[in-house]
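Chain lettering (A, B, C and D) follows the sequence in which the chains are written, and residue indices restart at 1 in each chain.
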Amino acid sequence: MAEMSYRTALIVGVGAGLSAALARTFTGAGMKVALAARRAANLAALAKEVGGKAFACDATKRAEVEKLFVDIEAHFGAPDVVAYNASYRTRGPFVELDPAEVEKSLMVSAFGGFLVAQEAVKRMLPRAQGAILFTGASASVKGYAQSAPFAMGKFALRGLAQSLAREFSPQGIHVAHVVIDGGIRSAGRTPPADKPDSMLDPDAIAQTYLDILRQPRSAWAWEIELRPWVERF
Amino acid sequence: MAEMSYRTALIVGVGAGLSAALARTFTGAGMKVALAARRAANLAALAKEVGGKAFACDATKRAEVEKLFVDIEAHFGAPDVVAYNASYRTRGPFVELDPAEVEKSLMVSAFGGFLVAQEAVKRMLPRAQGAILFTGASASVKGYAQSAPFAMGKFALRGLAQSLAREFSPQGIHVAHVVIDGGIRSAGRTPPADKPDSMLDPDAIAQTYLDILRQPRSAWAWEIELRPWVERF
Amino acid sequence: MAEMSYRTALIVGVGAGLSAALARTFTGAGMKVALAARRAANLAALAKEVGGKAFACDATKRAEVEKLFVDIEAHFGAPDVVAYNASYRTRGPFVELDPAEVEKSLMVSAFGGFLVAQEAVKRMLPRAQGAILFTGASASVKGYAQSAPFAMGKFALRGLAQSLAREFSPQGIHVAHVVIDGGIRSAGRTPPADKPDSMLDPDAIAQTYLDILRQPRSAWAWEIELRPWVERF
Amino acid sequence: MAEMSYRTALIVGVGAGLSAALARTFTGAGMKVALAARRAANLAALAKEVGGKAFACDATKRAEVEKLFVDIEAHFGAPDVVAYNASYRTRGPFVELDPAEVEKSLMVSAFGGFLVAQEAVKRMLPRAQGAILFTGASASVKGYAQSAPFAMGKFALRGLAQSLAREFSPQGIHVAHVVIDGGIRSAGRTPPADKPDSMLDPDAIAQTYLDILRQPRSAWAWEIELRPWVERF
């Protein structure tokens, strides 16, 4: 197994089961973990469990994102790894969608990713090292009926990730986009008892994130799609 | 040649050579044409030339888009065809990008497309007929270095177009996305004299838009990429 | 409407409704049409109807393809337009597929396309003009369960078409690949009476082939997907 | 790290550095390894090194592939993992390509993959477990000028892999396609001394193959693209 040189990770958009799984997996691999979400209170227990630290941050607000990185830097040093998991969606018949909600989808799912990536890259470039992982969804590559806002946000995030991969891979920064094509199991959303692995297990997803971080730079993936074995595709 | 039943077209984002070519081509095919841009003054000459009408509208403002459709309806009846050409881009080294400009890229290139499409679909659904054409770019399908904001906006617009095609094709509304992969020739941007067709001619692009409008619904395209014969791809 | 300079067309793989529709549409646009299929007898009536000529040719046999072009050249002059529609498929549970049938799928659907394109390009290059159209299917871009052989043949044909577009567009030869995503209506396969256009009408497909031939070379499409308005995608 | 239940692997098309790296990596992960190539003599040293066994097999010949699996079964038991790396290419100006070489490209790069997969699946289905890994190339997803035969073969192999993933994932068989987008370093092909990791290291690629084998089935990837950090894409 290749040695991994990353020491500190920031996970943005904590709350879902995936972020908790990433926090545990990254911690298990020897990294210090910072957790960020709009309400830091939600993160307290997880931060304590993994020995990390929680930060309150609205990722769509430039000043808050700048402050987040300054605070993390003061606490841990600049993060080697940043995972952007935040997203927001509204859905329903297209003609009934609330434009304000559509704008929020774009802001949380895509613009927040830009703000976080920009602060991250500023600190990774001088060291010519680092990794930025974006969490995508089925909607990143396929626009579904009655779900244009999520497609808009997730397509945009993928465009961001691809541009960053082209711009910064040659600078030593690994940019990857993981397309989660299926439902993630969680406390409130479990698969049928007779098909326990028919939904994506957050720990299984986190394993692939870690695999990506361990790829030697002579053979980097910029995008990986994950789906349950039984998922139609 | 199949008979085309569309009678009225709205072109949003006029200014570039493409919108003028669309206005002339659509007029030549027997449609009444409405032109919309932030500054209607810029459109006066073109509107006069094609016997159409110019409207001032900032496509990122919900109230202005709603008023635009009310005004067109009063003047021409609701548009059968809507072409969304507006876009905005900022580029340069990623770490130097101004977040306000990035937000504007998303708003003009994608959110404006949502607002315009929503008003258009509201009026097309009851008639079970109409066409919405979105103008894409190379950046719609490929995120380039130093150009993340344009990729974000154009990827998002493509996600919107695909969602709408899935939701509304079965309702009789033809939604199409045209990827313009190369530079469009214009007064200020001409190809070398010895290679007169090495840049996209706006009239040639407009011809394909009209071809799309004439496709019988048993064989619709939802996406077409266009590039000059000499363009590397 | 742009003037089209093509005068002679060869359609390979005649038999399906599409080839007959292409023959009629191309003839209607002023082209002389040559028809080729394994059994020329099947083509006699169509050739007579359109004032063209039928040729017997097994497109998977190099000598037969070479002779086909020599014969057409003697009769009409070299074809300006070549449409390759031949394909062969076998399907069923993967473990039960007959390897000989799988090989035939590759040979008819892809290798024949290579042989025909090679003879066509040899004659188009000196004139720096011509068009080669390949007919694809849903299976060109999506490998379905129980249908690996068709996917293998159609994916391969698409790879051929894309390579040729890259190699020969800058030489003035328009190479295009049309993905037919859905069932084509024919004498033996008709849509429900209440949904007359829920299957692809061959004439509607042929209209798009002609649109492609009329595209000015400053704005060429290399691939277009067509599907019925009601088709799920 | 998830426990991996695979015990035996077959690598077809040994010769390149990648197959040797796979042999060492799979052996290191506790698997018994069978190696197959047209000339088994070439594999003797590698087989000895990894404690595996070499088999002579022309993968384009049905009878030889059937015998290969019978022989492996007798020696090791049926393989849990099969990696298909064989390919053949011819390139040059399209009009100068030798059709016999083009046919060989299709046969080795794609048809051999079919034959090997069919024998593999026959043995995996009853156990509802196994993995089939196909090695792709840049040409799997992009048809380059002067390289149509390789694109045809590699596109076809990808179509096969995708069909198999759709058909057999729900049966518990993990089918994956790895796109190697760049040059692989080997004894005869090394990167510049000042850029030691500017070509794909076979061991780095093999690490990702092993990562794929270790993915829990609730989160499987069916395709991963790998390229060196400095590779243009």
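Note that in this section contacts are C-beta pairs under 8 Å (C-beta built on N, C-alpha and C of every residue); 3 or more make two chains touch, one makes a residue touch a chain.
Please read all numbers here as calculations on a predicted model, not as lab measurements.
Graph distance from chain A to chain D, where chains that touch are one step apart, equals 1.
Inter-chain spacing, taken between the CA centroids of chain A and chain B, is 32 Å.
The distance from the centre of chain A to the centre of chain C, with each centre set as the mean of the Cα atoms, comes to 45 Å. In chain A, the residues that touch at least two other chains are 165-166. Across the assembly, chains come into contact as A-B, A-D, B-C, C-D.
Listed in rising order, the residues of chain B touching chain A in the complex are 62, 94-95, 97, 99, 102-103, 106-107, 110-111, 114-115, 117-118, 121-122, 125, 139, 142-149, 151-168. Here chain A touches chain D in the complex through residues 1-2, 165-166, 169-170, 172, 174, 185, 197-201, 203-205, 207-208, 211, 214-231, 233, going by the rule given at the top.
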